[in-house]
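The structures considered in this document are given below.
Two complexes are shown next, each including chain A; its partner changes from chain B in the first to chain C in the second.
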Partner chain A sequence: MNAVAAVTGPVERGLWRDAWRTLRTRRTALAAAFTLLLIAALAALGPYLSPHRFDALDYTHILAGPALESGHWFGTDDLGRDLFVRSMLGLRISLAIGLIATAISVLIGVSYGAVAGYLGGRVDELMMRAVDLLFAMPQFFFVLLLAVVFDQNLIVLFVTIGAFGWLVMARIVRGQTLSLMHREFIEAAIACGVSTPRILARHIVPNVLGPVIVYATLTIPQMILLESLLSFLGLGVREPLASLGGLVADGAAHMQAAPWMLLIPGGFLSLVLLAFNFVGDGLRDALDPRER
Partner chain B sequence: MQRLLEIAALNVRFATPEGEVAAVRDVDFGVGAGECVGLVGESGSGKSQIFLAALGLLARNGRVSGTARFGDLDLLTCDRAALDRIRGARVGMIFQDSMTSLAPHLKIGEQLAEVLEVHGGLGSRVARSRALAILERVHIGDGATRLAQYPHELSGGMRQRVMIASALLCDPELVIADEPTTALDVTIQAQILELFRELRRESRLSLVVITHDIAVVAGLCDRVAVMYAGRIVEEAPVGALLRTPRHPYTHGLLAAVPRLDDSTDTPMQAVPGQPPNPAAWEAGCSFAERCTRASEHCRRERPELTADGSGTRTVACHHPLGETRA
Partner chain C sequence: MLRYAASRLLGIVPTLFLVITFAFFVVRLAPGGPFDQQMTLSPEIRANLEAAYGLDAPMWTQYGRYLKGLLHGDFGPSFRYRDFTVTELIRRGLPVSLTIGFLALVLAVTGGIAAGCVAALHRDRWIDPFVMGVAVIGMILPLLVVAPLLQLIFGIVLGWLPVSGWRAGALDDVVLPAVTLALPLLAYIARLMRGSMLEVLASNFIRTARAKGLPWRRVILRHALPPALLPVVSYLGPASAMVLTGSLVVESLFGLPGSGRYLIEGALNRDYTLVLGMTVVVATLTLGLNLLADLIYAWLDPRVRHAVHKQGR
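For the complex of A and B:
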């Protein structure tokens, strides 16, 4: 009796359910998501498995190759620091920068774009010209400048990188909001006496979430890459902390004597960037209405 | 006589790249308490814009002048907060297309609760029982299941009932139904109209029905106003208007309704010509170009809306039909 009811019961459908169904068929995206989870777990737990600390110098193993018996599974760098622990640390910092900077850019971009699109008219005009202005500025130089001025402070680094990622997000959200404004359910909400902030939070933002999630997933690797570039130039995270970019820079200096110093962090960096891009592509197939 | 809603000298203009277009011109319109008024006109005659303007829902390029008194408040000049307290609470609005007018991402229960939260500040349990009661009132069975469903899971007629339910949630004094049955097929149309009639019997609800379908008005309303090219051209009790239309346009509209007992050889009685371009409305009667009774006088001087001897109806025509003296 119950089994029959369960079978004949109403099939639930919805945006997220449909999206999940599409996503399930994208093998690469699923594999990439799985890889990311694995790498994140490794970055979180890995350092506790190793006998070494990320800033401990081991003078008996300098530029030593990967080996099991010494406990330096990924080898050591030119100061005798354990590369496994340092790679995990680098992963943590790179992932954190990617996520936090993206979260900041989503927060600013979505609210800015939704407000501009909803209010429209002169306010919209003014707000979007401000975005154009910021776009025209050489952003990378600003990040460099701020990194120098604030002495490579980690928090400032998060914020400045995030603060430059919201421009595209704001444009996307504004465009989506403009097209939503012509939909009658927004008009119906206004006719029901719903206030502007509530309409934005309850009716506009949930409906732009699809494209936002897609673009955010594709923003994460950009942010990671931007930070890696800074670190490569020596202006990113400060020693003895390290991001993947910084490790790659160190590795590049000892490319011939100790190729593992370049290949291991470089491999992780490539893997993370690729995985995020695959996940983003999969999510776009699943969530972006324009692809339907 | 104090009426519930009194619209006076209402003008709605839209700024377009081709210049300013007048959509509604010098409209006076009132709804009494407990009264049902129909507003009939073809597409573009400005019938919807009157109420979109009154509720502050005009498109961005729209400009409005005149007054729309609701109680002791002028809806056109009061601030947004005052308007928000009235919209949804004291005036409910029902839109034509229930598919696009219900938020696609919210469950029925959430949409109904939103109205109650905004206006009543009700807690979720009270809101839910109120929502269930209102669904029952519009004859939606199995309300608990419906509350958990999304709009696309309901049929068109069901969605329209939900729209009506959400307009009725806060016990409004006035409900404005903009083409409430146009998107539905005829059997569902009949059910929805019956629902409106029932709601009117149960409470002293005032109702404005905006439609191009004169049959909708015939079975539901007390009074009808006919709009043409942004103006009201005739206003009368519904029976009188249907039996003896005075304005040639009203007459044409009624004659254009096909009848089942017409012979199949009888050609459709259409009103000849096209409505005038709203950007180029000129002096004189705007219907003159299409009117069989038009004279030189009609093209020169626009007829004012004037009451006839009975005092219950008005018409804006120099040569009205059925004039006993003429």
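For the complex of A and C:
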């Protein structure tokens, strides 16, 4: 046992250990991840700290600036609603949509790509042609169409936005799967008579996990952005709830009289998007073998 | 080359057909009709209305009629703007959208290429990290935050440009919307350009060109630039799709009478034919621009060009 340790050296290696070592040197990514945790905690706990409710109208404070004594820490909007609580709830909605929609797109993308890459041949060609076709379509306009048709139902919104993002994921996973197919351990599994679904689930998917995690992290901000676009246009989350995009739209309408209505939700939205992108970039350096 | 272009053009037709079919049936099979949220109509009036708009026919007949209309450039009547056909609305709004979109694209491509080249050629100076840092932030910051900020700064605080509005032919109305729309693309193209330029500069034929004593300027402009442009060209397709999406935000924020704003208003009022028509127009534009980008790529890249020629023979 000791001899083996001496030969392999004191440093343990492995995909995840290497990845962690690289990640630790990426200061920006770490700072971004920390920021995200902080924002998430704020979004989760913030509303309980404030004396105000998100939909309560305060007629004595309409378009009031940020102030400590009134309890409106971020000011109020044109109806006298507290901007702090609304921003926190908006953050919750935006983060939830980002995470759920990404989970859906990962689920579809990974299974689709793995199956296409594994089966190969004509099936693969057909499946990828379908992806190319969907890719050429104006996807945002379809999401918009579905949002209108299904009456801006929150669950439909999650699903349609998620169904929008899986195409690139499918391409990545298929490419990775194709390159895995020539590896000995897959051949060994086939030779041992392991069933196809089991090979996919136990051998292929775990090995494509690195790029999937990287791309999923980069998908989250895209999904958040997509939803905020819809909400900005008035086709997303409905009043009195509001996502960050909806709050920014309100703020843009009152930016001259109440610039905080634009700057605070806009700042949070930008911060979240920047942070996710920086974390994604850091993870790419750490996890994507093509980048080494 | 011509044959290649023609075959690619034909390839668009089935895609477009699928898009139209999908959009049509999503709209028509959805619960709720266009006359639902008005005051409750008596059955007779409702039947008359539906007959007037051709909604009483079986679904397949309606679909056939719609396709036939499309071939004549007829998108049907608008449910919301009662006196207009969708075709009229599109014809009215599209020029505005295309002006803004085209300007934004030109701005993004020229600016992005310039910034990317400057960064790549000054890699060891402060310029490179500076340009790339700005580009990363410009790429990620969302349009819907940047646009009102620019309005606030240049329109209200400094008062240099009109905050919003559209007077036909007034140049200063165009500036802010086009710049806003161009910024994220410009940033992305700059990054793309820098990467590919660095890659090309490291390749053997550049070393050869320098070794035979060509002036540096000529090496850059004649030898390095054309191949380095290829990734930018292939990004033009997705970029134009982004411009089309972004113009929705820009048009509604800057109060431009473009087709994007009609689309949003139509969507909010459940004006199905208008939304359907706009989706078809946007799909056609997206597919057409993608094709155009591919053709430019094939024309620029000698490897693809020769492959195409062999095929054509």
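Keep in mind that, in the parts below, the second predicted complex is superposed on the first by the 280 of 292 C-alpha atoms of A that agree within 3 Å, B and C clash if a C-alpha of one lies under 4 Å from a C-alpha of the other, contacts with A are read in each partner's own complex, and residues count from 1 in each chain.
The working rule: a contact is a pair of C-beta atoms (placed from the backbone, for glycine too) under 8 Å apart; a residue touches a chain by one contact, two chains touch by 3 or more.
Keep in mind the model is a prediction, meaning the values are calculated, not measured.
Undergrad: For A:Asn207 in the superposed arrangement: first (chain B), second (chain C), both or neither?
TA: Only chain B; A:Asn207 stays clear of chain C.
Undergrad: Return first, second, both or neither, reflecting whether A:Gly121 touches chain B, chain C, both chains, or no partner chain.
TA: After superposition on chain A, A:Gly121 lies in contact with chain B alone.
Undergrad: Look at A:Met137 in the shared chain and tell me whether it touches chain B only, chain C only, both, or neither; answer first, second, both or neither.
TA: In the superposition, A:Met137 touches chain C alone.
Undergrad: Considering only touches as defined above, state whether A:Trp20 meets chain B (first), chain C (second), both or neither.
TA: Neither partner.
Undergrad: After the superposition on A, what does A:Phe185 contact: first (chain B), second (chain C), both or neither?
TA: The first partner, chain B, only.
Undergrad: Touch test for A:Arg198: chain B only (first), chain C only (second), both, or neither?
TA: A:Arg198 contacts chain B only, not chain C.
Undergrad: Quick one: classify A:Val149 as touching chain B (first), chain C (second), both or neither.
TA: The answer is second: A:Val149 touches chain C but not chain B.
Undergrad: In this superposition, which partner touches a larger number of chain A residues, chain B or chain C?
TA: Comparing chain B with chain C, the partner touching more chain A residues is C.
Undergrad: Within the complex, which stretch of chain B touches chain A?
TA: Checking each residue of chain B against chain A gives 55-57, 60, 80, 83-89, 93, 95, 97, 100-106, 114-115, 118-119, 145, 149-150, 152-153, 163, 166.
Undergrad: Where on chain A does chain B make contact in their complex?
TA: Residue list for chain A touching chain B: 10, 13-15, 120-121, 183-185, 187-196, 198, 202-203, 206-207.
Undergrad: Which chain A residues qualify as touching chain C in the complex?
TA: Chain A reaches chain C through residues 133, 136-138, 140-142, 144-151, 221, 225, 228-229, 232-235, 245, 248-249, 251-252, 255-256, 259, 262, 266, 269-270, 273-274, 277.
Undergrad: Over in the complex, which chain C residues touch chain A? Could you list them?
TA: Per the stated touch rule, the residues are 15, 18-19, 22-23, 26-27, 30, 32, 136-137, 140-142, 144-145, 147-149, 151-152, 156, 241, 244-245, 248-249, 252-253, 263-264, 267-268, 270, 275-276, 278-279, 282-283, 286-287, 290.
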